[in-house]
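Both of the next two complexes hold chain A, though its partner changes from chain B to chain C.
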Partner chain A sequence: MSEYHADSQEFRYIGKPVKRNDGPEKVTGTAVYAGDIVLSGMLHARLLTSPYAHARILSIDTLAAEALPGVRAVITGEHGSVKVGIYMQDKSVIATDTVRYQGEIVAAVAADTVEIAREAVSLIKVEYEPLEVLNDVREAVKPDALLLHPHLGTYAHSVGVFFPEPGSNIANHTRIRRGNMEEGFKQADLILENTFEQNQVLHVPLETHVTLVQWGVDDQIKIWSSGQSPFSVRDLFSIAFEIPRANIEVNIPFVGGGFGGKAGIHLEPLVALLSKAAGGRPVKLTPTREEECQTLPCRQGQVARIKTGCTKDGRIVAEQVEILWDAGAYADYGVNIGRASATSACGPYHIPNICVDAKTVYTNHLYGTAYRGFGHPEVFFAVERQRDLMAKELGMDPTEFRLKNLLYPGDETITGELITENTGSPDTCLKRAIELVGADVAYTEAEKAQMAASGKLRGKAAAVLQKAPAMPTWSASSALVQMNEDGSVRISVSGVDYGQGTYTILRQIAAERLKMPIEDVYINKSVITPLSPYDWQTVASRMTSICGMAVMEACDDLIKQIREIGGVALRASHHEVEFDNGEVYVRQNPHYRIAFGKIAMGYVYENGNAIGGPLIGRGKAIAQGLSNLDEHTGQGKAALDWTYGAHAVEIEVELATGDIEVLQMATVIDAGRVMNEQLLHGQIVGGALQGLGCTFSEVLLHDDQGRLLTRNFTDYKIPTFKDMPRTVYTDVVETPQLDGPYGARGAGEHPLISVTATVANALANATGVEFHDLPLSAWRVWTKLQEQKQQEQQQQESQE
Partner chain B sequence: MPAYLHPTTLAEAFEGLSQGEETRYLAGGTDLIVLLREGVIAPAALMDVKALPELQGITTTEDALEIGAAVSCGQLIASEHVGYGCTLLKQAASTLANPLLRNRATLIGNLCNASPGADMAPASLVLRGVLTTATPGGGRTIELKDFFTGVKRHVLEPNELVTKISFPLTKGRGIYLKKRRIHGHDLAQVGVAGFHDTDGSFRLALGAVATTPLLLDDFGTLSTTELANRREEIVSEAVGAARPISDVRASREYRLAMVRLFTERIVDAFANETEVQR
Partner chain C sequence: MTTLPLHLTVNGEVYDAFVSENATLLTLLRDVLGLTGTKEGCGAGECGACTVIMNGLPLNSCMVLALECEGAEIRTIESEYQNGQLSNLQQAFIEHNAFQCGFCTPGMIMSARALLEANPNPSRDDIKEAMEGNLCRCTGYDSIIAAIESVGVSAP
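Let's look at the complex of A and B:
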């Protein structure tokens, strides 16, 4: 056991590469995931999903399925019409009269075995009347477009936060208005307008949304789920079924990845209804990979139009942004992505005149939900491409253009938040990333000649990024730090560590605060709602910052009790009591010490008298100061903290094939304070690679009937280690966040943001080919290069 | 659920075939299990042929390399018997799926699946592979060039079992170039294999650009100089033979361009006796 030396250095655990505490279970395969749990009498569920992207359900015949021996429950929209959701309750548990995307659940079966359930599903007969399909957000916002949700006006939602437009396909319209657009564009010497498009993308967690539910007697509900949000599941379940929260127990064991796709509530209500229909027997649903791809939600698509006005000397004076989010069939979580994207729609730039319209639009595609970056990876593809294109128009170096327009202390964001010295430093991140890859160093003539000869052109580029946690103003965390009999402590939180390393960082915070060896700091690795303290959700890169603050407060509460009982034991006043290394002592007499273990459950005098009792520290934290945004202007406090960052890359494009190799990539994040170098490095590399996946190969494609073409790993290609850049640099800037634990702010989502734009900018610099959409797959790049070649030939011919 | 049969002799295997009910042979299973899972096939029985003695091992006879139907791509890659010109098989096998799948997937299974884009097909075609089959009545040999008849279709009779493939021993040089979407496991968008034999004969085979893998073997014998001189002609023939489609993996135009590019690169490498540009 290593000892804590209070005065040996500034921090013992903060910023240090403390090892994850979940390694042994995961590496040996003994970690228990939802899929590993087997209950006595457990049934297995299978789903019947819609083959049509849009159709009316005329009839469902379940008689044959029900008659199959071993089938215990068959449910359809008749049983599952209740709407469940977090922000916009537009989705029923099972499709009722209409299916709105291919893959939507139409019926579900619970049976003794998976095989029986599957056979029963094949016996269900559904009669559909196919309907016209909305395949494009631009069609969907036209005034005469068919309405996918005619009852939009009746859907429950957070009033005053989201602004649906009933009678249209717009589930939410967030507006941001600042300054005067007419005046702004009048000041501009140059106006550039571009439209950028991105298709939907999948999360691809290693573990699918495995769900096990027992609807027990007296409406006692027990849920085991591969989820990110134990308390949101409980909350939303309670609201939908009008069952007291105390009746609902949500268990989250180890979770095999989420990337946002397991935030909020998903299959829990469906499986609960199956259990209820099966007389209260527990039912497990393990979605197949195909269901994970086609039935469970994805990242939204986006069409963004940006019009930017600039002065000759490169100052952005006005910007108009219209974002159409392809929410797909349902926009429950999507509306908040729309709202969040609006607050970040111009990037970390100071622009006096702003008009942003972010619309969350229904189509007949797979529905969208939270995804790492929460709309920012998409927005920043548009914004950071637009910055490079504008710089080109101006004939200005893109870095100089960015540095000129970035936010600096004293500036205000587009929602009117004041930037201070502590907000973070995008300019430092940008300069550092550029320095790491030498992105500002021009190629020599010899290098250019070599490139031309080899048919492989190199290009460099950089881009900035930002994100704040997007969450309700009241989103909160709490923590308990309980002392064990031996003086060690156990942290309980309801944040879920599904791979990001939260539990390790929370242990570091507690060990630092309590000045005790980290080996003596334990954390509960699973969440059980009746036992674990409340947490809103594990999303928005908010665990280190908000849950971390709750753990700090819990430690401080425990320290107060340590001093109090320690003082009694030491016969000193509490303010004279010091502690470290799991021991208390009187400040002026550090040689006489009492171990925490002696006071943990109460201090016992020699004659047997006892005082105190078990020591429990409690802490809480809330997103202090956030406000709802004004409906008309979008002004207000949108961000608890802004994490800034930047990427720089050097790529090599093979003209003959269109292949792009990333030679070097640097990612720099202003994390406020690095809590754990190793974990942050892992988050950055993982995020960057996920971003490269979105850049090169990850894309959902639909046919003209709205049917998914890329519905499994055969054609939905995620990168592997072989697709890593040749060299990856990660670095950090530390501008302390005043209300973050030890100055830290979130950094989990950020490395993914702007990767696409950075590579697309580098591609343009290398070849002159300007992409306004994704992915930059070899054949799309090659095709564009061919078009460019043809245009050049035509120009030459016309000149001749 | 299909019955699982696991014979240890050919006789036992053929006895196990029940009349009128479909039995599918199971080797690596990397294609079969996907088809079963998707409900594309629903045979009455799966017959695991991995224990049959006739299907085992990689051996070299006086004039041929023989690879049994139970040999996985991983074993093929690791085998010391696969040398000289036949190392082309190792090149191709190394691009197939990923190491985990290569440890299950077999060369012959890859051929019998008869996917137009099968990675082992172009290499096996230019190496002039000959399949040996077994049936309850005996068996036959089939030249691989006569084997494929359409997408996932071949000339095998129901219950005819491929036991091995033979390749004439050669010291010639082979190259397999594959275009894929990511560096990791992926199907071929285009695959081109080329072989230049010691006697000067030159053969090309194309994958993923027609309903079957295509062998182009009417170039005769060509010296390196002749290869260089006839480069355009060879390339035109390859491009002319390809009949690719446009789909989510690539456009028809891109596939044709890659056939052209890869053929050029292969011819150049043979003509100049240099490393192929990858």
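Let's look at the complex of A and C:
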């Protein structure tokens, strides 16, 4: 066991620069991802997908494909009609009689090689009858709109949590009501209404949803998946196929990015059916990038209408928000995005009179799912744009306006949760972000003259953000901390570390709790459901907080056993036993110590007598105290914890091209407690740049027939090295979370939220051009600048 | 599919293989030679995850036919780890937290290696220019630049 030297500071490992533990395998290329796994007898799968956004399937002829040598299985909707889902079971494994988006799976082939499978797919003949396409969420929500899911009322879903409206395209309608809207707007001196729009965007994990399944004898199912949610895959698979959970083994090796898009269940049932049809041989499906773009789900689109009432002195008295979510063809996971967005629909502001309607609406677009931030990046584009526009109307500084209306201790959120001193501090985050980029410092006349001369206008702005984990009230984690023979420990959890650094932070927590050298704290780096303890899903920035609490409890359980067995070995009562640095001793006699290794598997006396046995700590944690929200008012406990934050930016707009460069960007998060600064910095910088991608270039475009135009990296651009802001600042506020491990709360998703609004506000400050939609691509900005110029000219001419 | 003989050197080792006419260098590396460190992100030369060094130059191995590599010298991520030692770039990537999910990392390191061989002391702008073809969705690139800079000859 390596030597540990006690630190004089309060913590040994919490907040210390511990390096991530997956480095050597990731930098050498030896980390095994699902796509690297090869099994004996393994077949390769290819997909046939729909060329139409909406069509009836009249016939499918698979005879020629089946006859091709080397083809071992061909399946269609006939074999894959079972519905699988997490919140709203509206999607079958393979399209049956109708396709509802272009890219939807219509048939699949398993063959000896990828080439044979691809050729077989080309031999499948499908006859379609194209149907009317719902290409716009505003059309889809109209009462007389074509119904995409006429059987919505029969779909299994979480009752009392989601509220579908059968007979419409609304898969869920979450309402929040507080106060009295009529009275509220009566008190207002100024009412401002705006509509904000955002198209769908893609997650873009560098590794696609690779899936390998063997449907073995006696319905023993083995799955290897690039997924975020091993136990949800097991659970949902079990429900859909009526196979016992214990028969289903889900393996999650290293995962090449998720961003929410690999939460829930995806291709596992399809590949399982192929394996079954191929007589139980293992089948691997590696989706192409095009399939990842057009067949696997995206982030939902949004149209948000906000009507805000304000007094003259800048107090928000009423706000009405209607959010239409473009769920696309299916809303299985999507309904919870609508619900989450409703709980956050007014941002971290204290507003007495509230009316929120969030509707998850079916269209014939690619279907949406969880995406980093889960509804919030979209909502905060609308909310934080609206705040700047309102401040402008009031003639008030936007920061002053925000500070006046933010939530402070004693206030209640829109769902009726009390804000306390420990909830977090959005105002501190905002002020700090502004300070970092000097967003409150006005440009001098000389600077303005220089900008005018160069044709490059600069602008600054800031905005706040918030998010709570969006998850069921019962979402839980568990952890095992087992002692090895040498007294080191290994942690087992079923949260997946696809790069966030979860495993490193959990090691820090265990080392801190067990007061032992972190080099002696190991963690299993892959999850195997029959061996790993249960966890609901790796989502919602919940790993540090909930899984962290489970690891703490497991350590405490282990400590109890260490004291008990250590006490027997030391001939002392358990309460007299202390431990440190991997050794136990009696408190009053610290010089005589027994190494953990001596008690790890049982203590052996000199005469051979043995006591105890292998030491295993177990721990669990659940989202304590959450409640379902009232169907009519939305009141209830929606948030386990709120993480607040803010961004500030300075941008430069080139008038001749419309191109925007981010000169400075500051992101400040109230993380409760910084567990590992380098990892948190990595989350913030990465998340913020993903947010800039959504700001400048990332957008899914459909043609007038609802067919996706942006299906690859040529047409869908994510940020490159050259799209980084010139200067990036990150900082943290630490308002301890009372029920978080060492005060920590989640921060993985938050850096992405409000980036779009902050930049759009800065663009307005720089040029006067007000965007109510995205992206702020050069051509769209340039076009608006031209329109602005023409309007100014016309005004000038009419004055003359 | 016709297969044809191919002779090449990969990571200093000589290989004689039979490959199909339409097989890419990436397929050869991963599926024939079992060198799975090189990853496929898009299969269209857009993401750089499959970057290897061929005769001293970095390229997307998904865009090169295996048969074009007759007599070539290829280096993949597996060449960076020698005699049980991580290379300077590999150590720097760990030191600077220059990866998260790790899927783009092999390609990143090979692009960075090719850059450092051509320009041992690259500036931030040189790094951005040379690495623009390598996409990373996780890190925001900042830490990758810091890692590469730290290996440059003038690094402190």
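Everything below uses one rule, namely that the second predicted complex is superposed on the first by the 793 of 800 C-alpha atoms of A that agree within 3 Å, B and C clash if a C-alpha of one lies under 4 Å from a C-alpha of the other, contacts with A are read in each partner's own complex, and residues count from 1 in each chain.
Convention: contacts are C-beta pairs under 8 Å (C-beta built on N, C-alpha and C of every residue); 3 or more make two chains touch, one makes a residue touch a chain.
Just so it is clear, the structure is predicted and the values come from calculations on it, not from any experiment.
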First (chain B), second (chain C), both or neither touched by A:D22: second
Partner chain in contact with A:T710 - chain B first, chain C second, else both or neither: first
Partner chain in contact with A:Y330 - chain B first, chain C second, else both or neither: neither
Touching partner for A:E115 - first (chain B), second (chain C), both, neither: both
Chain B versus chain C as contact partner of A:W779, first or second or both or neither: first
Contacts of A:F259 with chain B and chain C, given as first, second, both or neither: second
Chain C versus chain B, contacts on chain A by residue: C
Which of chain B and chain C A:L206 touches, first, second, both or neither: second
First, second, both or neither for A:L689, with chain B first and chain C second: second
Which superposed partner A:Y503 touches (first chain B, second chain C, both, neither): neither
On chain A, the residue positions that both chain B and chain C contact, one per complex: 115, 714, 718-722
Contacting residues of chain A [partner chain C, same complex]: 19-20, 22-33, 35-36, 115, 204-207, 254-259, 286, 288-289, 498-501, 678-679, 681-682, 685-690, 712-714, 718-722, 724, 728
Chain A partner contacts - residues on chain C that touch it in the complex: 1, 36-44, 46-47, 49, 76-78, 80-81, 86, 89-90, 93-95, 97, 99-106, 109, 127-129, 131-145
Chain A partner contacts - residues on chain B that touch it in the complex: 1, 98, 179, 181-187, 189, 248-251, 253-254, 257-258, 261
List of chain A residues in touch with chain B within their complex: 115, 656-658, 696-697, 701, 709-710, 714-715, 717-723, 777-779, 782-783, 786
